[in-house]
Amino acid sequence: MSIITLTTDFGTKDHFVGAVKGTIYSELPDAKIVDISHQISPFNIAETAYILKNAYKSFPEGSIHIIGVDSELNEENKHIALKLDNHYFICPNNGVISLLASEIKPEKIVEITIHNLVTTSFPVLDVFVKVACHIARGGTLEVIGKVIPEFKKMTELQPTVTADNNAIFGNIIYIDNYGNSISNITKKLFQEVSKGRAFEITTNKYTFKKIYHKYSDIIDFSLPVNQRQKDGSKLALFNSANYLEIAIYKSNLDTVGGATSLLGLHYRDVIAVKFF
Amino acid sequence: MSIITLTTDFGTKDHFVGAVKGTIYSELPDAKIVDISHQISPFNIAETAYILKNAYKSFPEGSIHIIGVDSELNEENKHIALKLDNHYFICPNNGVISLLASEIKPEKIVEITIHNLVTTSFPVLDVFVKVACHIARGGTLEVIGKVIPEFKKMTELQPTVTADNNAIFGNIIYIDNYGNSISNITKKLFQEVSKGRAFEITTNKYTFKKIYHKYSDIIDFSLPVNQRQKDGSKLALFNSANYLEIAIYKSNLDTVGGATSLLGLHYRDVIAVKFF
Amino acid sequence: MSIITLTTDFGTKDHFVGAVKGTIYSELPDAKIVDISHQISPFNIAETAYILKNAYKSFPEGSIHIIGVDSELNEENKHIALKLDNHYFICPNNGVISLLASEIKPEKIVEITIHNLVTTSFPVLDVFVKVACHIARGGTLEVIGKVIPEFKKMTELQPTVTADNNAIFGNIIYIDNYGNSISNITKKLFQEVSKGRAFEITTNKYTFKKIYHKYSDIIDFSLPVNQRQKDGSKLALFNSANYLEIAIYKSNLDTVGGATSLLGLHYRDVIAVKFF
């Protein structure tokens, strides 16, 4: 039985998530349902893409991912199902797939056409679940939709490389649970442009000349404890998803603060890397 | 194996939810447990009823619903288990069932009597779980309680219809994850009173003369994008649970705000519908 | 199949929890995963210990508990796996085990040595999951680590008893979902020192001469409703985890407040019990 994952902006207080799970279990008593996130900022497609992109590859091939963000059907927001990277995605055709897997060619995309069978103001419950259960039972995409050649493209917030190849300009695309500010500059892009050159990273107010590979690398453990870098030190690192991130060592948004609050590094803010 | 759902005000940080699940798995290794909500406002029975009413019907018949809100046993707050609408509910006898299923006659109600076997200050863990596992194993309600004729009634926040049938007065009973303000006026009641007449909905400061059936119906897609209604427009609609709701298009409580914050429409506020 | 539980400070918005679950299911399709908490305050080992200590015993023996708090590997923070109280724990060797089970002798402790097989900045995903799946398949600890004689001890925030045995000084160690302030004084310690004597509990501003066993015990149900103690009354009680707790009857941090906000009783604050 395939896994069905849920990534939504429903929150976990309302009845929405429970109702979706109940409907899945009513159709497929042996379903295995996994929550990826229900805390997406309402209607935020970029956040959805960042989170799901970094989670879906950990699931077994054949997993079915329901995306319930900005999913109301209207004439400019159709519903699609697709197979991509050996995973299935069921989502609105609002650009979210282009943000989460721009470099991977989908194997097949269909525009879902079972809506004439249901009238609904809760399409995740009434349509996406039906499609997910159909796929989980081994059904083909063509049965629930018509094949379309491509999904809607959305290209905002891509990093740019200057013509002379001496700089990358990126943006903060995500603030994580620790308040770390994560940019859209990947380790891969950095290395392609860098070619081993020295560099300087600049944010609104601060510069960084070193990129760490884990948070505690800023600590010099050979020093006595009282002479070490303290909690609250800022650093740049490639995070576990391989994005350039500005972090505060042992940050906590509810107490000492994090990079987003202490350094004023918010969603969409610019981060520049210059190479010498 | 029946599904056991959990609806509580425990939050998800403390050990309570984990302990309850561990106890269920210790008794029933193959249990299927589904969280409906743990974010109920502490002791808020009306919220509990709204959430569970809109979730439980999506689950298969025979599902067992544990309600852990205001569940401390005392001489005025007994524990009950009941079969209603082909679902089982285990909860305090504090009126929550009358709010979530006032119109459905329960098949059987028992007052739970296994407390003399346990001394507890955590009845959801020590009593409700035992009862749920008993039911999941096919046990009857009479074994764990004594039959009683009815549950406690609570009738606050019901909408009223004027004697001349020309108006409905309701209240906001729930604020959802998007900040939408949801009233206790159902589509069914509205249609019974309306009989197709023109109407005007009045809240504290605003009036609405149209009720939409989905959020994006306020957008006129035939217009060029820059001449359309913008995100942030207010509207009245029947939501997916069929309640009259005042909403803000693409609202977000953390950024632009929602109906509750922008329109000042809070829990218990009055909403009136007048028919002409 | 053993249960694998997760206790982390990852939050539930980011991709971390989803990625960990996907990885477990990829290795063990029949795994049973239970979230204990992902809302631990970042890097807070004392909170982690309080929550897991009060949850793990409810799970069946043989359950495997992954602790993902402050888990980055460095030369002063190694990773360990241990069997203790017939449960398995996989965690950093940062003192968390000494706080959650100081009185129980572990059956076996190993320092995890499979890191040379993986380079990682997300050890919960890349290391802890591998170890958990190994144990769940019946593997022994020696295969994934080298036996060590003891885990790191951390002893902060222990209650002290005065030399004359006439007082206990404790601290608030946890604030729960209702805003109750929970001390590190257990019922067991209280009874050992008390030997039935009269007592007075003092916090920053208030004194309590009675300890209740459940919240609603402060209500005298023989009185008419309008003459009773009101919601918002303060009380001391032994909570369901058997710790001395200062509470507000029917508290709600978002509305009326709780003990932590109304009485100003915060993490680490002192609470004294004097016996006469």
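For clarity, chains are labelled A, B and C in written order, and residue numbers in each chain start from 1.
In the analysis below, contacts are C-beta pairs under 8 Å (C-beta built on N, C-alpha and C of every residue); 3 or more make two chains touch, one makes a residue touch a chain.
Predicted model, so just to flag it, every value in this text is computed and none were measured.
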item	value
Common touching chains of subunit C and subunit A	B
Angle of rotation relating subunit A to subunit B [CA atoms, steps of 5 degrees]	120
Chain centre separation in whole Å, for subunit C relative to subunit B (CA means)	31
For subunit C, residues contacting two or more additional chains	12
Residues of subunit B touching subunit C in the complex	9-23, 25-26, 29, 41-44, 72-77, 120-122, 125
Residues on subunit A engaged by subunit C in the complex (per definition of touch)	3, 5, 7, 12, 32, 34-40, 50-60, 63, 176-178, 213-217, 219, 221, 237-241, 250-255
